[in-house]
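Look at the two complexes coming up: chain A is in both, with chain B in one and chain C in the other.
Moving on, here comes the complex of A and B:
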């Protein structure tokens, strides 16, 4: 058995290395095989497909239970007056929605939206630009560069909670090394986390430190996929390095940029851990992002009904921006390479 | 001499300078990126007095390995790490079994509503748990699972991302291999286990490893769901430990806190170091789809 699998593995490698041609062959083979076998053993296929349906059932059940069902429950909660301390609740119609739209600015909800969006835009700008720059800088296929790449990537798999604790120490105002280095360079101490105008940028810095390596990796693997022919043609035409980057590398990386924009947008809108550990939303609500606010509303105020409204609006916002980005991607980024 | 010098054209010389500049830049970036981790290690090996100087030293005067022992004993580290490992293990096991079966079903099956069900799976990737945590918490509370391992495990039992990745990979396997397995007398499950999984070994391993690291680093659910030390996971425990020391002794105990953080990072770094090839591929692969 073991020998057979090994043999299949080597076969498999050969098939894969042939790429698209092999895939085309296997596709037509499969269709042919299916066609020729269909009439012969119909009952057996029926039974097998029922088994395959059974395979899918647990996953679909869990996915719906943990994603779609809660989403519908949120809508239901938003129509009640449910306080988590009470066992019972009654339906109050659109009361909570009215509360949401009338007191949006006095309840720091609007502020939360603003803080989250500022954080997200700054974070995205830093990780994508610096990630791209790192990718260009480290794009050399030697052992020492591979080592440096994995060092830069390392923060990505360290827990955000550990990262936050490390940076709380680094940004300590009296004994922290950041302020010490700034002092050596002739700058005054920076109130990293205690000033309401600075704290959000500190959070962006910390999250970006963790995110740059991932973006670099994605860009690098996309760069490896760009055909050498383009660069050779550009060299023959005597193009400068800058214009090679501007007119070849950058446009060909556009799909990658779009992918990073969409995925990183969603994941940085969900920011919670770093805020909870480093600032607890302060000073004076300046870092109170949406998820942190949701958490507070649910587990400090116990107002599930109102939190549900905020959660639904948050979700809709994510959906709309994602859809718009994807539409933009379809229109602009279709660069047949 | 003269002639030899001229052989190096100005172009080549400029290219060489550019190469040196690139190396220099890369080294500089690497040093900046690694500095916080270096500082964590250095701080964890300092004495309390050295931590509290206004002119920090970049290398400890004497290496205080006892800080690690102290951090290890100051809170119940072993239990927290075991708890995390336990929850992560079950998450990974259920996620992989459910994921492989579903990926097989979606890749190979032909049954009514298949596309609709698959769309349901895909759409789950767009629903973040930071939006749906309220009803899930209520659900877990109704089951009486708050502050139990079952509650901690439940939110991570399925990964739409894993199903999606594995399904794509399973679809690229030629049907004739599966047929060969069946002809040789394997059942369907046997074919999946002995033929399909070995052939897609790389993607099964990478998606599992990514799941493992995400599980180990998870903070959001443990923070919501564990209330006592019995079920506390490492990420939340570290923050609690930091707050405890800060409350007791101010900034002076950052050597102990940093030692604790270093201990908690070790398993992840080990997993990554031994599977670097798979991991890097796993992280970069999703961008190519």
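Moving on, here comes the complex of A and C:
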């Protein structure tokens, strides 16, 4: 019979070390025993996984609720004609998107993008370069240098709104301290905030004054992590200070620079409060950054439908730039040192 | 576990897309059916529109942070509450106009916590009316026995269809404030016509070496000047501007000449900067006169160490100068039930009755709401204020376009650039054409 033949074919005799013959065990019986063990192991594995999943769910839920859900809603609003004050709205398809691309110029959207990019590039350049310079200059563990580091970092403690209010008066064209000092030095008054060509640079100056200390601190921490061996080796080889900076310090600070570039870029692109307090987007929209324009569109004009389109495009732009920066980072920045 | 997480995330995303979906979303609202602005609220047939039939507590949101003003409102509310037992008013300070607007927008979007009545900035009335969120008040006013509100003031709070949507409360308007002591000593009284104004500026400058008049970057004040000097509204009928009108162009070019010659100045980049600069310059004697809001008059008169004079404005036509309605008014929200709206209207008319309105004007230097108001006591405390407050009948409404504010800001900004010399004379035509184009797009988009 087939079964008997199969059993005989798989019959094996195992001789154990003490010479006694063990009971013959067929392959099929072994497989049967294994199968009966697997469900228990899989169940335990599934139970553990599910428990881990449950632990993570609240955090994921919060992230989705506070990040992803608003984004989904934004996409939905962009397809409606919702005025925040009205009780009814209807879906209008891609009308708002058409409005965005056809009136980008006349609705100051392009101008706001341009102003935001100019502000961001200028702000980044100043805070990173000057922050690095301050870190290099003050990278010594003495009391006087520690004091100077504290002084440079101090503006970071002051809320941006307070800074903006103080600088409104410091930069006042008629009664400000800056123009008073310029007058004493024999120069004429500078229209810090009242000139459309000057206002954006004044905002960059104020924001940079506040931001340099933070970048300096990050660079200082990174510099503490650079091994002294590199510098000693360079000294032995007779390298100049400039060469040491260029070939040792700068490359080893690349990860820190990349980190600051990404984080400060996103933060600069989202600038709002300094513009709202100091210039309200003027004069003549010369400081009307994108977030300020969004705020006006939403809370002054109540056009949340159109503001959603602008917000989504802004989000996509930030995402693309950040992704490109990350990609560049992967290629150019060496984290191994 | 990754599979579970992915499934969970996907489910949440899909849920968020469908959860609040639907072609149209409508709130409950008092009457259920959405109304178009201009129609009287379909009242419950059993209820007289003025009558409060059930005891109700209503929230009154206001923007007065000044202790004296907030306390006055609280005391009037307490009096009102004590005088009857159907309506209890709870005044709540929310913040400035933008804060109230934000809170109201949030409450309306959430359909929860919508107050019965709030103060809002007068220019917002049109926007709110066109959105259908505030109650039209003509039917309420029709039942009012002592309706002696200034008609022009009320007209300023009507929409383009002529329906009334707000009650005047803390109304203000642009005006001119001048150093009377200085002008009397120079023998150069503040002028009444635009032609006299131009000569007056030159004379004051030549006599003192200082700026005669300071204009401000402010859409309100610029709007008033345009109206008075040219006799026309730069925004036309609200669908297309008339910025290319000869009279408007001539006025703007005159302004530039005056500023470039040093006789006048154009201050500020935003409203706050302008006011602070102007007050500082005025108190230091660096300018002889400037444009400001009527609510500042009391403060200025009491703080200056010279005599202050006031005027509504200067006219470039045969008409008397006017000022346009600004400041705060009271609006009742459509979202609430009829009983609440009736209660809110009762409170609004009590707050703005002749006695209370007079007391409010004397204390705050805001325009009185009613013709029967008696405010002569104000001139004892603030001598010189009669130049404005004797002319409460000369408050008129602004342009009825819902984007009037945004459009006038564009104009004020362009005027500022030009008169300060940021735009060359040769480029004025192109610049002004662009300004008109921008304004017309805004008006058409509204």
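Observations, loosely collected:
Here is the rule we go by: the second predicted complex is superposed on the first by the 276 of 337 C-alpha atoms of A that agree within 3 Å, B and C clash if a C-alpha of one lies under 4 Å from a C-alpha of the other, contacts with A are read in each partner's own complex, and residues count from 1 in each chain.
Rule of thumb we're sticking to: contacts are C-beta pairs under 8 Å (C-beta built on N, C-alpha and C of every residue); 3 or more make two chains touch, one makes a residue touch a chain.
Every value quoted in this text rests on a predicted model; they were computed, and no experiment measured them.
Of the two partner chains placed by superposition, only chain B is touched by A:153; chain C is not. Of the two partner chains placed by superposition, only chain B is touched by A:55; chain C is not. When both complexes are overlaid on chain A, the residue A:172 reaches chain B and chain C alike. Legend: residue contacts after superposition of the two complexes on their common chain; A:214 is shown touching chain B, with no touch to chain C.
Applying the stated contact rule after C-alpha superposition, one finds that A:307 touches chain B and leaves chain C untouched. After overlaying the two complexes on the shared chain, residue contacts for A:299 are found with chain B and with chain C alike. Look at A:162: by the touch rule set out above, it reaches chain B but stays clear of chain C. In the overlay built on the shared chain, the residue A:225 is in contact with chain B alone; chain C does not reach it. When the shared chain is aligned, no partner comes close enough to touch A:326: not chain B, not chain C. Looking at the superposed arrangement, the partner reaching more residues of chain A, out of chain B and chain C, is B. Chain A uses residues 49-50, 52-53, 56, 60, 64, 68-69, 73, 168, 172, 174-175, 299 to touch chain B in one structure and chain C in the other.
On the chain B side of its complex with chain A, the touching residues are 22, 25-27, 29-30, 33-34, 36-37, 39-40, 43, 51-56, 98-99, 101-102, 104-106, 108-111, 114, 117, 120-121, 123-124, 126-139, 154-155, 157-158, 160, 163, 172-177, 179-180, 184, 188, 194-195, 198-199, 213, 216-217, 219-220, 223-224, 235-236, 238-239, 242, 251, 254, 257-258, 261, 264-265, 268-269, 272, 276, 279-280, 283-284, 287-288. Within the complex formed with chain C, the chain A residues making contact are 49-50, 52-53, 56-57, 60-61, 64, 68-69, 72-73, 76, 83-91, 103, 106-107, 168, 172-175, 193-196, 199, 279-280, 282-285, 299-302. For chain A in complex with chain B, the residues that touch the partner chain are 1, 4-5, 8-9, 12, 15-16, 23, 26, 29-30, 33-34, 45, 48-56, 58-60, 62-64, 66-71, 73-74, 77, 134, 137-138, 140, 145, 148, 150-170, 172, 174-175, 177, 180, 209, 212-214, 217-218, 220-222, 225, 256, 259-260, 266, 270, 272-273, 276-277, 291, 294-295, 298-299, 304, 307-308, 311-312, 314-315, 318-319, 322. Every residue of chain C that touches chain A in the complex is listed here, in rising order: 1, 4-5, 8-9, 12-13, 16-17, 20-21, 23-27, 29, 34, 98, 101-102, 105, 108-109, 127-128, 131-133, 217, 268-271, 273, 277, 280-281, 403, 406, 413-414, 416-417, 420, 422, 437-438, 441.
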